[in-house]
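Next, two complexes with chain A in common: one pairs it with chain B, the other with chain C.
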Partner chain A sequence: MEYKLTEKEIDSIFARYPDKKAALLPILRVIQTKAGYISPEAEKYAAELIVVQPARVHEVVTFYSWFREKPEGKNLILVCESISCSLLGSEEILGHLKKTLGIDVGETTPDKLFTLGTVECLAHCDASPSVMINDEILAPATIEAIERVIEEKRRNTG
Partner chain B sequence: MEKILTKNFDKPGSHTLKVYEEGGGYEALRKVLALWTPEQVAAEVKKSNLRGRGGAGFPTGLKWGFVPKDSPKEKYLCVNADEGEPGTFKDRMILERDPHMLLEGAILASYAIGAGKAYIYIRGEFALGGERMETAVSEAYARNYLGPNILGSGFCLDVTVHYGAGAYICGEETALLESIEGKKGWPRIRPPFPAVAGLFRRPTVINNVETLANVPHIINQGAEWFASLGTEKSGGTKLFCISGRVNRPGLYELPLGTPLRRMIEEEAGGVIGGKRIKGVIPGGASCPVLTEKEIDVPMDFDSLARAGSMLGSGAVIVLDEETSMVETLLNLERFFARESCGQCTPCREGTRWFVQVLTRIAKGKGTDGDPDLLLDIADHMAGRTVCPLGDAAAGPVKSFVTKYIQEFLPIS
Partner chain C sequence: MTGKAMPTLTIDGKSISVKPGSTVIQAADRLGIFIPRFCYHPALSVVGSCRMCMVEIERLPKLQTACTTPAVDGMVVHTGTDKVRDARRSILEFLLINHPIDCPVCDKAGECFLQDYYMEYGLYTSRYLEERWNKRKVFVLGPTIVMDEERCVLCSRCVRFFDEVSGVKRLGIFERSAESYLSTYPGEVLNDPYCGNVVDLCPVGALTDRDFRFEQRVWMLKHGDAVCPFCARGCNITVDYNEKSGIQINDRRVYRFRPRYNPEVNGYWMCDTGRYGCRTVDSPERITEPLMREGKRIIPVVWETMIKKTALRIREVIDQDGPECIGLIVYPSVTCETAGAAKRLFVEHLGVRNVSTGFPVDPSAYEDDILIRKDRFPNRRGLEEAGLSGGRDAEWILGAWGKGELKLLYVIGDDLPRLLNKQKPSPIFEAEGVLILQKSTAGPEDEFARMILPSVMSLEEDGTFINFEGKAQQFKAVVSPFGESLGSGDILARLARALGLDTETA
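And now, the complex of A and B:
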């Protein structure tokens, strides 16, 4: 999948930092948004843009949990496991998702529609338990609400 | 009580420039740029007794004063919007509901310390907050609240929104700087302190979102007014995030010094199902837990320190009679083990040990020696690490184990 940035994107990122190396996180963010993950070729490409060794880029990609090295399902579902959500039943939500989707944490459904994961506090503990589906937050995440979202995603991204 | 930080939160369109200006927004900036020197702004904030809301409670005016005045180097302001401590959601709400209040505060702070560039470090997962903040920045440029020669004053400021990528440690101020520089978030050894050699090795101030959001109000209504709202040593109101087993979890803006019990019972509507409180974590994941008998404490930095805990980030997490204290501590330590950057052995290994031992206890396979082992590990971590995450992970252990020892011992 195409991961390269346009000239305009590159220029506007570089303009915001006094040092090219500082552009790495924003560049990786754009790459992942375009391609869904960051491949070894994309790492090399990013390294050339900011003029560092590819190993430096790889170190950054592996350090930050938001960056992914493999393609994943079309929809990424992350269940918050931290304390406030755990006190209000996140485990039950996670169990339900495992059952409905037929996969474990870290796995992708065979139709490549869903990947299931866990995440630490999403800063929505005013409405725990909370779940992040792609960019969106579902809070409080009841079993009914989750079912609805899964149905909708199946219809729209199937 | 009068709401200050949250007073716009329920207005429709509260995140837009129009609504912010209708409520008197950017008047503090206009006043300052027309009439005040940077030193006057810093002096006013110092007099207000504003203390940092990011967890450490450091006096804000004092922090700004550490930036060398005569340095020819460019100076930076970094806004810490990386909020990720379990139980905390106040900064996200400010980003979503009143981004201009934060931005005005950041502009005033930049003026006070002589910064020509500010970075707003936003947690990567904050899609809505990030979008609203970026829009606010563009709106402010269009009005010349940002950019060159702001409102004809000669003061220039550029603001960049920079996103994190899922690493709690990047909320630690020096890890945050590394992350903006494009590196993995490994905290730096201090000294040098950021005020002298921070972002790109230049003088830098790092402040929390809530801290900066207070600044326009201090300028508008005066340091005396602000100081009078709080306690003797700490001015203003505080955003408390109440979560866990309560009927009305949420954000509550209250005076510093409000008793914890009253907060839980009156504001958050008491415990779900009328159950008894077993304990309360008063200030976020790294704070020692208080038992039900200890929760008449006034919620301010000094009273909580005297009670053997901390105000931290203001996250009140309520545990009821059915909560397992072993599972709760395990959950907190799993968080720290996952988020440790791995740089220091005591933190990297200690957090893993906590998880191992607590998992064993939770499965009913603990031994008589395990409570002491937990205390021992905690002792060997505290004070021996590059950054305070090691201390934070050790922080709750002693209180959980000693106050609820029965749950940590094998059933005999």
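And now, the complex of A and C:
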């Protein structure tokens, strides 16, 4: 899948930072948006753009759990496992998701629609338990609310 | 206003003035007060990641890391309070959560920071009841380095060494927090002319040297100061050896070279060529006793006979053909003292003029602006200054030798680059005349030699090397001579006496 940035994208990112190296995170975000994940080739490409060794890029890619290293589903569902969410039932929600989607944590449904993950604090402890679906936060999350979102995603992205 | 003033601070009751911008750990090091550390190293950038160097500073509510805290005028630092000791114990407790505590089979035991600190500050009885995480053991990173992920404390010294000193990012720390691990970029092999340094830098048993690993317990080793003889830089080294290894001819064996700090020459580092050059010291190819050719065979003789016969040969050629029929090649592997002795005996007393100091530097050899020099000999400058060079070049001497114009060729020293690289072609010494070799290690030229006088290697004798920058470095013998070999200067002095000459007063 195409991951390379256009000249225009590169220029506009570089223009925002005094040092090319600082542009790594935004470059990786563009790559992930385009290709869905960051392949080893894409890591080497990003390394060339900002003139560092690929190992440096790999450090950054593996540090942030938001960056994906292999192709995953169209929708990423992340369930918070931190203390307040756990106390208020995140385990139950995770169990329900595993059952409904038929996959374990870290796996992707055969139709490539959903990938299930867990995450540490999403900063919505006041409305625990919280779940993140793509870029949106669902908090407090209930099994019914999640069911609705899954149905909606099936309709829109299926 | 006082920007340039030297701040004065007090550490454990001792006060010291330091350069502005110095850190507390630097000031403590200068005072000889040791603050435990993993990630801090004076030659690498400061990251403050290991939290081991916490100290108490008066008027600051929390403990501070000594490596990141700038020394400030009037600062009062305590490094041994209960609060500090508690912090150290806690840090060590965290570090040991998933550590295998396999010191009995760990090669680093005895020189491991983690082990040393734990003995002093540790909790001893673990409070950890959960199962330990298993990570990669015996993971080969490259031809010289092996990794044990369970022992790694993620101090990033090795990562910073490659980033900042050797210049290429060879290692990285991947993933995050408890899952982080050290590795090369996936699929890459750790290969660098300075790899060995990361084993010295590693404060724990995570990175070990495939050459030294399991050879010796470090507390069995004795240490001696020497100068690396494998290039014109002359890096200062520590030689680790065992006088009673029980497995070698002399019962003594050299196990390891490590760099020794010298800001004027090599800083904290040395290259792998020099480091693994330690294998040449007790190599099975070392010559153990004087050898003389009888017909097709080469047989061992006692030194007395050797010296007498060698002197006789030299005398014969001088009397019958004159000193112009003698050639002398001195490799720049020998010390200044040996060069001086060779000059007195052959040039001043015997009148030999066909003198060469070996072969020119290989222009295709690897060189960088860190340490490694193209010239793989330690003492070319020393030979120049001894007045030995400037005569003939070695090619001319070998040409005359091959044509039979020279009746006797005396070669002193070892072709060191060839000792390290057996693929390197050797000069052709085949001729009718009398070839006498005075050197430490066997080589392809031996089959043409009439006499072989075993001499010591540089760590087995006192001497001086002058490096390419003109720095003279004196050294003392670290280990006893191999087999029956003698110091080069000693051999020449014995020869002079047998020739009826007194070179001492020359």
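Here is the rule we use: the second predicted complex is superposed on the first by the 158 of 158 C-alpha atoms of A that agree within 3 Å, B and C clash if a C-alpha of one lies under 4 Å from a C-alpha of the other, contacts with A are read in each partner's own complex, and residues count from 1 in each chain.
The working rule: a contact is a pair of C-beta atoms (placed from the backbone, for glycine too) under 8 Å apart; a residue touches a chain by one contact, two chains touch by 3 or more.
All values reported here derive from a predicted model rather than from experimental measurement.
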**Item:** chain C versus chain B, contacts on chain A by residue
**Value:** B
**Message:** Just to be sure I read the superposition right, which of the two partners does A:59 touch: chain B = first, chain C = second, or both, or neither?
**Reply:** both
**Message:** After the superposition on A, what does A:40 contact: first (chain B), second (chain C), both or neither?
**Reply:** second
**Message:** One more residue to check, A:131. First (chain B), second (chain C), both or neither?
**Reply:** neither
**Asked** Touch check for A:76: first (chain B), second (chain C), both, or neither?
**Response** neither
**Prompt:** Between chain B and chain C, which residues of chain A are contacted by each of them?
**Reply:** 59, 63-65
**Request:** Write out the stretch or stretches of chain C touching chain A in their complex.
**Result:** 168-176, 184-186, 188
**Complex contact set, residues of chain A against chain C** = 40, 52-56, 58-59, 62-65
**Request:** Could you pull out which chain B residues touch chain A in their complex?
**Result:** 74, 83-89, 91-92, 123-128, 160, 162-168, 179-185, 200, 241, 243-245, 249-251, 281, 285, 315, 317, 319, 323, 327-328, 331-332, 334-335, 338-339, 341
**Complete:** As the complex stands, chain A meets chain B at residues 16-19, 21-26, 28-29, 50, 59-60, 63-67, 81-84, 86-88, 119-128, 132, 135-137
